[in-house]
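The following pair of complexes shares a single chain, chain A, combined with chain B in the former and chain C in the latter.
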Partner chain A sequence: MSFTEPLFLLYLAICVVVNRLCPKGLRPAFLLVASYVFYCTWSPAAAGLLAVLTLLTFGAGLVAEHARVQENTSIAWLAPAAAILLTGYLMAFKVALLTPSHGIAGLVMPLGISYYSFKLISYVLDVHWVKMPAEKGLVNFAAYVAFFPQIVAGPIQRPANFFEQLPPQPESVVNPLLRIAWGFVKKLLIADNLAPAVNAIYGHVTSLHGAPLWAGFYLFPLQLYADFSGLTDIAIGSGQLLGITGPENFNRPFTASSISDFWRRWHMSLTTWLGDYVFVPMRMASRRAGQWGLSFSIAVNMIAIGLWHGLTGSYLFFGLINAGYLIVDTLTNKRRTTFFRKNPQWDKAGSWFGWLLTFHLILIAEVFFRSQHVSDAVWLLGHLWSGLSGSLAVLQSLLVGNEMRSLVIGLVGYLMLELGERYRPDQWLRRIYAVAPRWVRWSYYSAGVTFGIFGLALLFVHTAGKRAAFLYEIF
Partner chain B sequence: MRFFRDLLLAALATGAVLGMLEGFLRLAHVHYQGSLYANENERGFGLRPNAAGWETDEADVYVQINSDGMRDRERPISRPAHTLRVAVIGSSETNAREVTLDETFEAVMSRDLSRDLEARGWSADVLNFGVPGYTYSQEYLTLQNHVWKYQPQIVILLFSSFPVLKTVRNFYPAELKGAPVYVLQDGKLVPDAITRSTPPLDAHRQIFKNRSSDWMNKSYLATLLNAARVKVKEFVPALKARWQKPSATAPSSTATSSAERLSYNPDLPEAQEAWSIAEAIFKAMKEDCYRHGAEFWIVMADQEKQVTPDLAAREAFQKSMNLPSLDAVDQHMERFGAAQGIPVFALAKPLSDYALSHKTYLHGAPNSAEHSGHWNAVGNAQVGHAIAKELEARSTFVRELSSGQLAAQSR
Partner chain C sequence: MTDTQQRLQGIFRDIFDDDSIVLRDDMTAADVHNWDSLNHIDLIVAVEREFKIKFTTADVTSLKNVGQLLALVDKKRTPKP
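Now for the complex of A and B:
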C-alpha cells in the first residue's frame, strides 16, 4: 500500500475513526495493530523481522536500564552492542542488495529499514546515555517503531518525543488534512510532472551535451525536494490525524545562504539524528585534535549521510562532496563573519551571493546523488558547456507525448510551492477567517469542499491502479 | 433575508472556485476521456451523433463524431458524381481514434486514391464506419442498415482476429451485455435468445443521457469527475483481486494469454464455434454487398507481434505462446477468401517490411504501453498507402476506372 494510493486514504480514514472511538488506553495497541496490518501489505516476512528486532531492542533497553540502576558494569556493554548489531543489520541488507549475486536469493529490502533501524538505535543509546528511561510498555514501544505514517520514509522521530504523546489525543482534523493535501500537490502535481524529464535525461546522460544536461542539473533537486517533502507532509499529516505529531524534515532548504544552513534545513530528522549519534560523540572524542578533529568528524558524518542512502560510489561521492563543502564552510565561518561585520555594505550582496553559490553547490552534489554511476555524474558536469548549439532540439526530442506539458506543469507548480512556502497564504487566510463575516466563512467552507472533491477525483484518476513510488521509499 | 444573501454569496464564491479549477485544467491542457457513445436498440451502442470530446486512452486526440454517428467529417448522403466511395467497417482499428482525422488510414487512402483517379476526373471518398469495441455482429448490422444510403462502390471489412471471439457470448459475457449476438440455426444467422429478449431502451432516458454526455464533454472538470467515477467503479473489483491468493488470480492471466493464443491460432477447438459464426457473417456481408452492386473486401489488420521490428521479440512471443506461426490467421482467412470468392488482403507483410526497413514501431501511441496498442500515425499512414495500392492493383472497379473504361460514367 503506497501513500499515493486511494486505498491508503481509505485505510487511513478507517484508522482515524477507529482510533478516535477507541478508549484512550487502547489507542497505542490499536496503532500497533494498524501499523502491522499496513506493513504486512508489503511483506508479512519483513513484518516478522521487524517484530523480532523490536522485541530484542525492547529487551536491550530494559537490561541497559537495569545495569545502570544496579550499577552492574558486566552487562553495561549490552546497549552499545545492540546499537552496533542494529547498524550491522542495516549495513548487511545494503551490502547484500548491492551484490545480489552474493546475497540471499529473493532478498528484498524491508520497507523503511533505514528509518526503523535508526529509531531502534536512538532508543537503545538514549536509554544507555540516560537521556530517557527505558520504556516499560512493549505495546507503546512496538507502536513507536512500527508507526505506519512514519515507516515508509520517516521523519525519524525520537523515542522520548513519541512516548510523550501517548496515549494519542488527536485534535483538529482540518490542519492535518490540509497538510496531507499539500503533500499530494507536491508529489503528484510537481514531482511526478518533473519526473519524466529527469528520467529521460538521466537515462541517456552519457549521450547528451549542453541543454538537456543543464535541464537535468536544475530539475532533479526540485523534483527530489517536492517528492520527499510531499511524502513528509503526508506522513506528518497522517500522524497528526492519529494524534502523533512527528518532527519536521524541511525548512525551505533552497533558500539556504550557506552549506551549513542548507543542512539545517534539509532532511532535518536525519541530519539531527546523525548529528546527535555520530557527529557529537566523534567531536567529543576528537576534541584534542582541534580543527583536524572537527574536519574529520564532519567528514565521517557526511559520508554516513551519503552511505545511509546506499553503499554505492555515487552516494559516497555525494557524502564526500558535502563533507568538503561543510569543512570549508565551518573553517572559514569566523573569517567571513568578521569580514561582513567590518564591511556591512557587502552584507546584502554577500547574502545573495551566498544563496546563489550554496544553491549551485548543492545542485552539483545532487548530480552524484541521482546518477547511477560516478562516471555519469562526471559526464553530466563535464559536458554542460559542450555541444550547446542544437542541444535544445535534443532536449525537446527526449520529451515524448505529454512530457513537455508535464514539465511546464511541474515547473509552474514548483514556483507555486516556493511562493506558498514563502508567503504562507494559509496563515493569512486563517487570520481573515477569524474576523470574516458569515458569507466569507461559508464561502471558505464550500470552496474547501469543492477543492476536496476535485482533489480526490484527481487523486483517484491519476493514482488508482498505479504505484507512484516516492524517491525516498527505497532507502 | 441575510441568510439567503449569505447563501447566495457563498454559492457565487463556489462558482468562482469551479471556474478557477476549470480554467486551471484548460490552461494546463489537462483533459480526460470524453463520452462519445450512445446506447441504441439495434446495435447495443454506437457513436453519438455530433459528440465531441477528448480521447485519452492511448493518445490525446480531440475526436469529433459527425451527425450520422461516424468518426468522420460530414458526408453528403448521396454519392457525388465522379466519386469513388469506399466504406470501411470495423472496430477500433478502423475508428483510429489514436490519431487525428487527417492521419487516419482512411484519410491517407482517400488522398492516395484521389491522386490516382485525378487524371480521369474522379476523386475518392473513404468513409469511416468503425466503432471501437464492435463485434462482427454489430458490423454486419452497420453494413445492412447504415452503409448503403451512402452508395459505396467498395466495402472493406477491416478484420482483426480478437473480435472473432466476441461472436459468441462465452468468452467475454460482460462486454457483450446489451450487444446483439447471432447464432447459426439450420445454417442461417439468427439473433440469439438474449438479443431477442432484450427490452427496448427508454427513449426519454436516452435523450437525457446523451444530452448530459454532450454537456459533460464541454467541461474539463466534468470529464475529470466522470473519469474518477469510472476509476471508483473499477476500484472495488481491483481491490478484491488484490486480496485474492495468487492461485485465485491465476485464471485472469491465463485468460489473457489464452485470448492471445486464440487470436493468433484459428485452429484451436475451443474457438471453432466463434470462427464458424464469424465466417457466416462474412459470407452474409459479401452477399449483401453483391445485392447492392458493391465489391466486398476483407483487409486483415496485422497483430502487433507480426510487425514489431524486433525479430527476437517476435520469435520469443511465438515460442511463449506455442504458436506454429504468427501468420496462421492470415493464411486461414486467405483460404476462406479463396473459397468464397472474397478478395482478402493481409497487411502484416507490407507493414512488417516497412517496420523492418525503417526500424520503426507501427503500434503504440504516447499513452499506451511501449509499442503496443493500436496503430500510431506512422502505422495508419502505412495501412492507408498499402490498402490504396492494393485496390489500385486488384479492385475491378478501380482498375476499370483507372484505365478509362468507367471514366465517362458516374456509376
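Now for the complex of A and C:
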C-alpha cells in the first residue's frame, strides 16, 4: 500500500477513527497492529524480520540499562555491539542490492530498512549513553519502530520524543489534513509533472549537449524537493492525525546562504541523526587533532550521508563533494564573518552571492545523486556549454506530447510552492479565521472542505495509473 | 553570576565571536547564532581546557541547555570524595 493510493487514505481514515474510539491505554497496541497490517501489505516476510529485530533490540536496551544500574562492566559492550550489528544488517542489504539476486534469501531491501534501522540504533545508543531510560513496554517500543506513517521514508523520530507522546492524544484534524493535502499537491501536481522531463533527460544523458543538460541540471533538485518534502508532509500529517507528531525534515532548503546552512535545512531528521551518532562521537575522538580532526569527521559524516542512500559510486561522489564543500565552508567561516563585520557595505551583496553560489554547488552535487553512473554525471557537467546551438530543438524533441504541458504545470506549481512557503497564506487565513464571526468561519470551513475534497479527488482521478513511486521510498 | 558562569560566558563569546552573548540556564543552540554540531565540539574543547576537565561522548550528547553544561562543569570540578 503506497501513500499515493486512494486505499491508503481509506486505511488512514479507518485507523484515525478506531484510534480515537480506543481507550487511551489501548492506543499504542492499536497503532502497533495497524502498523504491522500496513507493513504486511508490502511483505509479510519483511514484517517478520522487523518483529525479530524489534524484539532483539528491546532486549538489548533492557540488558544495557541493567548493566549500567548494576555497574556490571562485563556486559557494557552489549549496546555498542548491538548498534554495530544493526549497522551491519543495514549494510548487508545495501550490498545485496548490488548482487544479481538483489537480496538476501529471497528478500529484497525490506521497506523502510534505512529508516527503522536508524531508529533501532539510536534507541540502544541513547540507553547506553543514559540519554533515556530503557522502554519497559514491548508494545510501546514495537509501535515506535513500526509506526506506519514514518516507516516508508521517515522522518526519523527519536525514541524519547515518541514515547513522551504516549498514549497518543490526537487533537486537531484540520491542520494535519491541510498538511496531507499540501503533501499530495507537492507530489502529484509538482514532482510528478517535473518527473517526465527529468527522466527523459537523465535517460539519454550521454547523447545530449547544452540546453537539455541545463534543463536536467535545474529541474531534478526541484522535483526531488517537491517529492520528498511532499512525502514528509503526508507522513507528519498522518502521524498527527493518530496523535504522534514527528520531527520536521525541511526548512526551505533552497534559500540557504551557505553549505552548512543548507545541511541544517535539508533532510533534517537524517542530518541531525548522523550529527549525533556519527559526527559528534568522531569529533570527540579526534578533538585534539584540531582542524584535521574536524575535516576528517566532516568527511566521514558526509560520506555516510551519501552511502546511506545506497552503496554506489554516484552516492559516494555525492557525499565526497558535499564533504569538500562543508570542510571549506567550516574552515573559512570565521574569516568570512570577520570580513563582513568589518565591511558592512558588502553584507547584502555577500548574502545574494552566498545564496547563488550555494544553490549551484548543491545542484552540482545533486547531478551525482540522480545519475545512475558517475560517468553520466561527469558527462552532464562537462557538456553543459558544448553544442549549445541547436540543442534547444533537441530539448523540444525530448518533451513530445504531454511532457511539455507537464513541465509547465510542474514549474508553475513549484513557483507556487516556494511562494507559499515564503509567505505562508495558510497562516494569514488562520489569523483571519480566529477573529472572524461564526458565519464567516463556517463558510470558510465548508468552502475549504469542498474545495479540498474535490481538488484532491480530481488530482487522484487525473493521475490514476501514472502516479510514480516516491523517490525516497526505495531507501 | 558565579565564577563558572563568568568564565563559561567568556568562552561562548570567543567561540561564537559575539560579545553580546549573555548566558542563561535555559539557553539552547537555537538561541546562539552559529552554534551547531559543527562547532559544538570546539566549545567543548575550550571548556575542557579552561576548567581542566574531561568530557565523554555520552556527556556531550546528553546536554540539553547551558544550565546542564554549567551543572556538569561544576560536577566535574568537584573533587570526588
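The rule is short, and it goes like this: the second predicted complex is superposed on the first by the 456 of 475 C-alpha atoms of A that agree within 3 Å, B and C clash if a C-alpha of one lies under 4 Å from a C-alpha of the other, contacts with A are read in each partner's own complex, and residues count from 1 in each chain.
We adopt the following convention: a residue touches a chain if its C-beta (ideal position, glycine included) is under 8 Å from a C-beta of that chain, and two chains touch if they have at least 3 such contacts.
The shown structure was predicted, so the numbers you read here are calculated from the model rather than taken from an experiment.
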>> On the A-aligned overlay, A:L7 touches which partner chain: chain B = first, chain C = second, or both, or neither?
In response: first
> Touching A:M284, do we find chain B (first), chain C (second), both, or neither?
Replying inline: second
>> In the overlaid three-chain picture, which partner chain does A:G324 touch, first (chain B) or second (chain C), both, or neither?
In response: neither
>> With both complexes superposed on chain A, which partner does A:G275 reach: first (chain B), second (chain C), both or neither?
In response: second
>> Touch test for A:G313: chain B only (first), chain C only (second), both, or neither?
In response: neither
> So, A:T337: does it touch chain B (first), chain C (second), both, or neither?
Replying inline: second
> Looking at the overlay, does A:V461 come into contact with chain B only (first), chain C only (second), both, or neither?
Replying inline: first
> Which partner does A:P133 contact after superposing on A: first (chain B), second (chain C), both, neither?
Replying inline: neither
>> Residue numbers of chain C touching chain A in their complex, please.
In response: 17, 34, 36-42, 44-45, 55-58, 60-62
>> Give the list of chain A residues in touch with chain B in this complex.
In response: 6-7, 400-402, 405, 408-409, 412, 437-439, 442-443, 445-447, 450-451, 454, 456-458, 460-461, 464-465
>> Under the definition above, what is the set of chain A residues touching chain C in their complex?
In response: 128-131, 260, 264, 272, 275-276, 279-281, 283-285, 287-288, 294, 298, 326, 330, 333-334, 337-338
> Which part of chain B faces chain A closely enough to touch in the complex?
Replying inline: 2, 5-7, 9-11, 13-14, 17-18, 21, 28-30, 32, 59-60, 221, 224-225, 227-228, 231-232, 234-235, 238-239, 365-367
